[in-house]
Structures are given as C-alpha cells and as structure tokens.
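Okay, so chain A shows up in both of these, paired with chain B first and chain C after.
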Partner chain A sequence: MTKVITKEDLLSWLRQLAEKYTVVAPVTSNGVTLYESISGSEVDKIDLSFSNTELSPKNLFFPPTEALFTIVQNERPEIIPAKVDREAIIFGVRPCDARGIALIDKAFLAEPADGFYKEKREKTTLVGLACSAPCPECFCTSVGSSPADPTHVDLLLIPTEAGYITQIVTDKCKQLLMGAPVKEAEAVQPSLPSLKSVPAEGITEVMSKVFNDPYWDRVADRCVHCNICAYVCPCCYCFDIRDYVSKGKIERVRSWESCQSAGFTRIAGGYDPRSTKGSRLRQRWYHKLLYFPEQFGDIKCTGCGRCVRSCPVNIDIREIINDVQRMRA
Partner chain B sequence: MINEIRNKAKELLEKKRVECVIGYERATDGLTARPAFIYDPSEVDRLIFDETCVHNLSRFLIDKKHKATAIVAKPCDSRGINLLLNESQLKRENLFIIGVVCSGVKKVRFNQIEDSLQNKCQYCPQHVPSVYDFLVGEPVTETASRNYAEVTAIEDMTSADRKLFWAEHFDRCIRCYGCRQVCMGCYCYECFVDELDPLWAGIRIASSENRMWNTMRAFHLAGRCISCGECERVCPVNIPLMLLNRKLEKDTVHLFDFEPGINAETTPPFATFKKGEDLGISK
Partner chain C sequence: MTSVNPFIPNSATLIKVTDLTYDIKLLNLQLEDPVLRENFDYKPGQFGFLSAYGIGEAPFGFVSLAYRKAGIEFAVRRIGTVTAALHELEPGATIGVRGPFGNYFPLDNYRGKNIIIIGGGIGMAPLRPVINFILDHRADYGDFLIINGARSPRDLVFANEFDTWAQAAITKVELCVDRCDDKWQGRVALVPDVITQLKPSPVNAIAITCGPPIMIRFALARLKELGFGNEQIVTTLEQKMKCGLGKCARCNVGDKYVCKDGPVFTFEQISKFIEQF
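What follows is the complex of A and B.
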C-alpha cells in the first residue's frame, strides 16, 4: 500500500491551502504555461498535464524585478526594506527546476547570503511533480537528476492511474500535509521514462583547455544575442541594480540581466572587455561548464531543455557539450 | 532547387566573390532549420532549403557589414535587405543575393513542424524576392493582396478593451529583447531602452516599462517593418507583436501608399517631409 492523493482531493487540498498561503501553480493561457498565483476559487485553472512551464520557477525567488529597499523622504529619510508577508507554496515544480533552485542556492545562500532570496526561499515550500513524459530536448539524467528525483523538493507527487503517490521529503511538508486527504491505496510506481544522454561528464576539464578555440566565434555567427536563454534558464542568475528617483522617494531596484547583452560588461569610460559576439556567447558556456563547477562543484545546467526549445537560432547546449568533448585531444 | 543554391554558393566561395554564404542548415532536431554560415566551398553541402526555413537572414548582414557576403533570400529576407540598403546600412556591391521563390514556410517549433503556414506567410503578398542576383525556382505572377482582418478586429474593440488586451500581453513580457535582436530594422548602436541619459525606460521588468518598451519599439518600426514576423516567432511568452506592427503598416500604406522593402530607392515616409502635405489626420 502507498500513500496516494486523488486528483479531486489534490485540488481541494490546494483550495484549502490557498486560504493561508500564496499558492503558485502552472496555468496555461495564450499558448504559454507559466507559474501564476492562484486563489482558492481558481484551482481548476491549474494545468496538471503540462510538460513544463515556459519560464522556470526561479522567478518566484529571484523575480524579474524587485525593489531591494525604498527610501522615503519624511522629516528624516526612512529606509523601508522589502519583505515577504505570506508563506508560499509552489505546486508542480519539475525535478529539474527544483535542482535549478538548488544551484542558485549555492550562489545566493553562500555567506554572506542574499537576504531577499533567502527570505523567499525559507518561506516557500516546493511541491514537486514527477515527469511522466519528458520533452525530446530534456537531458536531466545526464547532469545529475532524473524525472522523479525527490532531492530538491519538499514533497514529490508521482502521477499514477490511481492518483498521485505522495513522497514526503522534508519536515516542512509534513506539517503542510496534516489534514490533507491522502489515502492508503494500491498504486504502482510508473517506470521512469528514458532520456537521451549527453556526455557532460568530464566537460569541465576540456573546457579549461579550449578557451581560445575559434569554435566560439563560429557558433556566435548565428547567435542574435537576445537574453532568451538566460531568462528561461532555471539556474541563470545575473542581474543589474539601479536607483529610481522620484519626488520624495528613492527605490533601489534589481532586475534580471544577462551576459549576452551588449552592455553587460561595459565599464565607466566605455570599455567593454566582452565586446564581441563570440566572447559573450563563450562566457555563457564557460560560466555553466567551467567557472560555476570550479566554484561550487556542479555544472550549472539542469537539463530542462528550455534554452534548446526557446533559442531563435538553435544554439543547443547538447550540441555544444558534444562538440567540446570532441575537442579533447 | 537545393543543388542550384549549393552550386552557386560553391562558385561564389571558390571564386572568392564572397567571404561567407549565409543560408540554412539542418537544426539539431534533425527536422527544422537554422541559419548557417559557410566560409569554405567544401562545406556547401550543409546548406538546405525547405518549408522549415523560417528565419529572416537579412539581420545577419549587419554583422557582415563591410565584407563581401552572399545570402539566401526568401521574399521577406529580400524586403529586409532592401530596408537595410535604403537606410544605408549595407552596400549593394558587397552583397550577392541568391533569391528563392517561396510559397510560404511552415509553423515550426523545436522538434515539431505544424501543418499550417507561418502567420507572416498568410499575409505576405510575394512569392518572388524583391531583389536578387540569382533566382532559384520558377517566377510566378503575384496576385495576392494584403489582408488586415486581424488588425481590424483589434481596431473594432473599444479603447478600454484594447487597453486590457495589450496590458495582459505586455505584462507577460520578460524584456529578453528577442524581438529586437532578431529584427533587421533594430540595428541602432545603442537602443533607446539601453540609454542611461536620457533615461527613456528603466530596467524594471514590470507593467509600465514593458508597455513603454513594446509600444516604442513598434513606433520605431512604423513604415519600416517588412512583416517578416520574426519578433512574434521568437517571443518566448507569445506576445502577438505583429498585430502592432501590422496596424502601423496598414496606416502607412493608407496614408502614404508606402510599403517598406519593395525597393531600395523610394524614400520612406518618415525620412522625408513635404511642406503642406495634408494627411487628413486632424480632421
């Protein structure tokens, strides 16, 4: 016997949770699936058969834009820090994306931790949903995860014909599950779908030797240097900070930025150490496949396939990894 | 067809007429296409041409500005080339244009070809490129006329409904600038949105800035957008950007009887001023 929650019970549980928590779940509209805040009366909007969302759940911890603090001019200037009021539950996180969050944790929670990220992280519970039908461009099994990997979620739901098998991972979710309509039932754990493999093992070593290879300029020929790959990525985390001054108020704002932007590394005086297309494109792969692993141990890719799907010109990380491995001489 | 393209590419590279041939090759899904840059005559067999060749390649000519380059051009690519020639961004003598007669390209996503044509092809009035040095395929007599049905549907909305319609779409925008980066018309050295002084729009990825960005970009393309639909195709959050561009195109056609990209000689309406010109706008 296994602990199982039926689809109807799952929705009513989420309805109940929405009274106390901010519930965020995948919703499909206008041809795209995105994580949205759901009120108790909206749980029927949740897309339970989605393959994966267009944008990753990193947005919930590292939002596209956030005010870090506001200074208000009263009699004395007053600094108002940003804070999270309500605890949140993200429902339907795929194992690859949960791993993406765990990778950002390494950078943002290393001391001194990023307080804004940390607060959101601590006040959020991740309810994972195992993949039964991965996309053709997925390769999570090649970068240390799998379609039903429970490692980085608080609770994992595995879809079966009898309902969702509930696999409790952390104490955080035990509390959440109290009073949830989970029943003992016969449910067979489905076999894991198989994924194409990508030779990511040992990539760091080769990367360290091919920095000056003309390969990067050739790939950059077709790159248009938009920020799509970085913004859809579950573990890219670069940002820019600016102050917004308006009457009686200054706001310090942090927004997403990407190493692909033309001005990303431009410094005072106008010099840009990464001014060519090739050097910018190379930076993305070097951060993912060399610098991050050197600093934190893992390669910075979860195999979710989003950049492969969304790139306007088919710059494919799987092809890059294969090509780089072939440069091993 | 593909042999003609490959042979011409080979000839141009061997005779050193051009340094690079920009065309299409098979993408990593084994199904769709991606832009290809061929420098070596021995690599011309990588080139393909079929109904998955959706990209507008004219955008890449900006990167090859002062170099002799050949390009495979569908009618929409050729309109992009004309726009760039007209705006003095390219020199005609540096270009060799391999025109391709096109009956439309399919809606594609990675690993997926749909059974219908791209939106841009549904309203494209051309099969034969506007400009070319060598034509592949049989020329046809053009009969199609422009159709703005989907634009009229938005015009017929009340202004309050229209505001809601666009607010919903623009609020999804993540300011990845995919639309700008694939556009041959967006070649500014520094885009207004990246300027710090004056600060036109901030870095916030939020409602008001997103609306500002998308509207300003559309206006900068008024009378210039050649309707290749690339911005809409690449948008990761599916914003129907061509509705905006097509509205401005409809107005430009109506007010000035001007369609960008048809030739490289006619001065575009917003690059000229005629004293006493009566557009009937304020009546």
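What follows is the complex of A and C.
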C-alpha cells in the first residue's frame, strides 16, 4: 500500500492551503505555461498535465527585477529594507527545476550569504511533480537527476492512474500535509520515461584543457547575444544592481543580467577583460561546466532543455558537451 | 529568524573632500552609527562599495588605515556616473558604505623583508595604506622602495605625502611620468623601465604592485628578469564588480572571484588562472 491523493482531493487541499499561503502553480493560457499565484477559487485553472513551464521557478526567489531596499529622502536619507511576503507554496515543480533552485542556493547561500534570498527560500515549500513524459530536449538523467528525483523538493507527487503517490521528503512538508486527504491505496509506481543521454560525465576534466581552443569563437560567431539562454535557465543567476528613481523614491534594484551582454565586465575607464563575443560565450560554458563544479561540486545545468528550445540560432548545450568530449585528446 | 540583507549600505557622513588631482578626490567619511564606527575594521587591500543614493554604487579600495581612527578614506576618480555624483557631494552629505570586502595584503607575513611598492596612476590608491602601515611599523621591515608612476605630473596622486614617505628611515621614493611639463624635474620613463634602471634585489624582497593591467604585465616581466619569483610579486586586481559577495558573477577570473577570493593575489596564484586578467 502507498499513500495516494486523488486529483479532486489534491485540488481541495490546495484550495485550503491558498487561504493561509501564497500558492503558486502552473497555469496554461494561449499555449504558454507559467507559474501564477492562485487563489482558493482558482485551483481549477492549474494545469496538471503540463510538460514544463516556459520560465523556470527561479523567478519566484530571484525575479527579473526586485527592489533590495528603498531610500526615502527625509531630513537624512532613510533606508527601508525590502520585506518578504507571507509563506508560499510552489506547486508542480519539476525535479530538474528543483535542482536548478538547489544550484542557485549553493551560490547565494554560500558565505557571505544573501540573507534576503535566504529568507525567501525559507518561507517557501516546494511541492514537486514527477514527469510522466519528457520534453524532446530534456536530459536530466545525464546531469545527476531523474524524472522522479525527490532530492530537492519538500514533497514529491508521482502521477499514477489511481491518483498521485505522495512521497514526503522534508519535515516542512509533513506539517503541511496534516489534515490533507491522503489515503492508503494500491498504486503502481509508473516506469520512468527514458531520456536521450548526453555525455556529461568527466566534462570538467576536458574543459580544463580546451580553454584556448578556437572552438569557442566559432560557436560564438552565430550568437546574437539576446541573453535568452540565461533568462530561461533555471540555474543562471548573473545579476545587475542599479538605482531606480521615481517621484522622489529611490529603489536599489537587482535585475537579471547575462554574462553574454556586451560590457558586462567593462570597468570604468573602458578596459574590458571579455570584450569579444567568443570570450563571453566561453565564460558561460566555463561557468557551467568547469568553474561552478570546481567551486560547488556540481555541473551548473539541470538538463531541462529550455536554452535548447529558446536559442534563436540553435546553440545547443547537448552539442557543446558532445563537441568538448570529442576534443579529449 | 534573522537574515541579513547584504546589499543594505551603512550610512556615512562626508566629512572632508581633498583634491588629489584634477579628476581624483579623496573622500573622508564617518559612519553614522557610533557603535559601528568604533568597531569598523578593515585591512590594506580590502575594498568597500560607495553609494550615491539614487545614482548607484561602485567599489573602491580603502586608502586609510582603520587603526588610525581618522575616518574612512577613499580616492575617487571621476570616470563614470557614480564617481561623477560622488564628486558633486559637499561635506555633510550622506554616502552609503558597504564593506569591507575581499582579502588583504598579508603584511604581517612580510615582516623582516625588503618591500618594493610599484604603483601606476590611481593604482597607488590601494597601496597608500600599505605604505602608511609599513611607515607606522618601520622597524619591522627592511629596505623600502616606492616607485610611483603616472601619465603626467598632474596625474600623480598623494603628491603631498611623498616628502613624508621619503623622510622615513631607509625609504626611497622614485617618481616617474610618461609625459612631462616644464616644471617637472624628475624621471620621464615608464614604470617597468624604472624597475629595470633601479634593479631592486630580489633577495628577501616582496614587490607589491597595482596599476593599469598593461603596466602590471610589463612590471611583472621586468621583476622576473631581475630574479623575482612569482610568489614574491603581489598585486591587487580590478574587475567589474556589483555585489562584493561572489554572486553576481562578473568579476571572476577563471573560477576565482576577485571580490571574494581576491582582490589580492600573488603571481604564483595568477599564473595558475585559466583566464588572463
């Protein structure tokens, strides 16, 4: 016997939760699936058969723009720190995206920690949803995850014909599930979808040897530095900090940036250590496949396939990994 | 639950503004919080971010010494929007300060050694607290040579302090400029050439350098010709920085973040970087 929650019970549980928490869940409209805040009366809008959201759930902790603090000009300037909203539940996080959040955690929570981000993370519960059918570009099993990987969520739901198998991962979720209509039932764990494999094993070792290869300039030739790869990536976290002034109110704003932007590394006076497109493109792949693994132990890629789907010139991380492996002398 | 938003600056009052050159001002600040002011500690080589509220934030090396308790000082060259805004401020204005960030020159490890300071232009700014620290502890260090170069005589920073430095025991100050005016009596030479002319001995010596990347590169080559080993040459790197926490991902050289792992590196470390700085 396994613990199972039926679809109807799941929705009524979410309806209850929405009274106390901010509930965020995948909603599809006009063919585009995105995470949206859901009120109790809107739970029927939740898309339970989505393949994956267009944008990753990183937005919910690390939004495209956010005020870090506000300055009010009184007699002296007064700083008002940004506040974190009430506790949130993100429903329907795919295992690859949960891993993306875990990778950003490694960077943002490393000392000196970003306490503002930390507070948002601590006030959020991740309810994962295992994948029944992979996207054509997925390769999570090649980068240390799987379609039903419970590692980085608080609760994992595995869809079966009898309902959703509930796999409790953290204590945070145990509390949340108290009083939820979870029943003992016969449910067969579905077999996992099989994914195409990408040879990511041992990639860091090869990366450390091919830094000066002309390959990076060649790939960069077709890059139009639109930055979409970084924006859709569940684990890219380059950011900019700027002041925004409106009607006497000053906000210091953090916003998404990309290491692909011209001028990303240009210092006052004009010197730019990464002034060429090739050096910037190389930085992206080196951060993902060498520097981050050296700093934190993991490849900075979740295999979600979003960058592959979004790139207007078909720069494909799967191809890059294959090409780099072929450079292994 | 306590969590600290590391982007929030501490407010400080601008106490005094001194013109170092036509485009560089020395800002002397006092933190507004008296407890923080008393305990605020930083070391030569570390840096902080200065905020011109409503304009933005930029990183600057500390040019003062914490233990002297004479205010926090930064040398600000007017070169972008934030520095232009900081130049506009009058004493009494509020400036945001975040820091200290980064590592520092391990001056305690250099006790007993001969020290050579090689600075170019505004690159002298982070070296000024090193010089003053060594002068404050003069007996702990051996021969002391300061080579300071700039594009022209009017670009030399801390010119009013050269005499004080030169008066210290066994301390030599060598100035040079790329281009001179009629009044200039000193050397007209590039910093790397002055190194070759003066031939400082590498025996029991440490060379500390900061300046434009091109100067650092040639200074390094000349020092190596004289027999300096990579571990005897120390520099502080400048890269574009936004957060100071090793997170915004723009100041990295290979897998090292200049803001967090640096800015101070020996050439032994730099020689192992996968990427050129």
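Just so we're on the same page, the second predicted complex is superposed on the first by the 324 of 329 C-alpha atoms of A that agree within 3 Å, B and C clash if a C-alpha of one lies under 4 Å from a C-alpha of the other, contacts with A are read in each partner's own complex, and residues count from 1 in each chain.
Assume contacts are C-beta pairs under 8 Å (C-beta built on N, C-alpha and C of every residue); 3 or more make two chains touch, one makes a residue touch a chain.
Predicted model only: the values in this text are computed from it and were never measured.
Q: Based on the superposition on chain A, does the combination of chain B and chain C result in a clash or a fit?
A: fit
Q: Give me the angle at the C-alpha centre of chain A between the C-alpha centres of chain B and chain C, rounded to the nearest 10 degrees.
A: 90
Q: Would you check which partner chain A:A113 touches, where first means chain B only, second means chain C only, and both and neither mean what they say?
A: second
Q: Return first, second, both or neither, reflecting whether A:L14 touches chain B, chain C, both chains, or no partner chain.
A: neither
Q: Look at A:R222 in the shared chain and tell me whether it touches chain B only, chain C only, both, or neither; answer first, second, both or neither.
A: first
Q: Would you check which partner chain A:V232 touches, where first means chain B only, second means chain C only, and both and neither mean what they say?
A: It touches chain B, and chain C stays clear.
Q: Looking at the overlay, does A:Y291 come into contact with chain B only (first), chain C only (second), both, or neither?
A: second
Q: Quick one: classify A:T65 as touching chain B (first), chain C (second), both or neither.
A: A:T65 sits against chain B, while chain C stays out of touch.
Q: Name the contact category of A:D240: first (chain B only), second (chain C only), both, or neither.
A: A:D240 contacts both chain B and chain C.
Q: In whole Å, what is the nearest CA distance you get between chain B and chain C after the fit?
A: Minimum C-alpha separation, chain B to chain C, in the superposed model is 8 Å.
Q: Could you list which residues of chain A make contact with chain B in one structure and with chain C in the other?
A: Touching chain B in the first complex and chain C in the second, residues 240, 242, 257 of chain A appear in both lists.
Q: Which positions of chain C touch chain A when the two form their complex?
A: 1, 3-9, 11, 32, 51, 53-58, 77, 79-80, 83, 94, 96, 212-213, 238-240, 242-243, 245-255, 260, 274-277
Q: Can you list the chain A residues touching chain B in their complex?
A: Listed in rising order, the residues are 30-32, 34, 54-55, 64-65, 136-137, 218, 221-222, 224-228, 230-232, 240, 242, 244, 253, 255-258, 261-263, 277, 308-310, 312-314, 316, 318-319.
Q: Can you list the chain B residues touching chain A in their complex?
A: Listed in rising order, the residues of chain B that touch chain A are 27-29, 32, 34-37, 55, 59-60, 63, 109-111, 168-169, 172, 174-178, 180-182, 190, 194, 202-206, 230, 233-234, 236-238.
Q: Give the list of chain A residues in touch with chain C in this complex.
A: 68-69, 71, 76-77, 79, 81-82, 107-108, 110, 112-116, 118-119, 122, 208, 211, 237-243, 245, 250, 252, 254, 257, 259, 264-269, 271, 273, 283, 286-287, 290-291, 294-295
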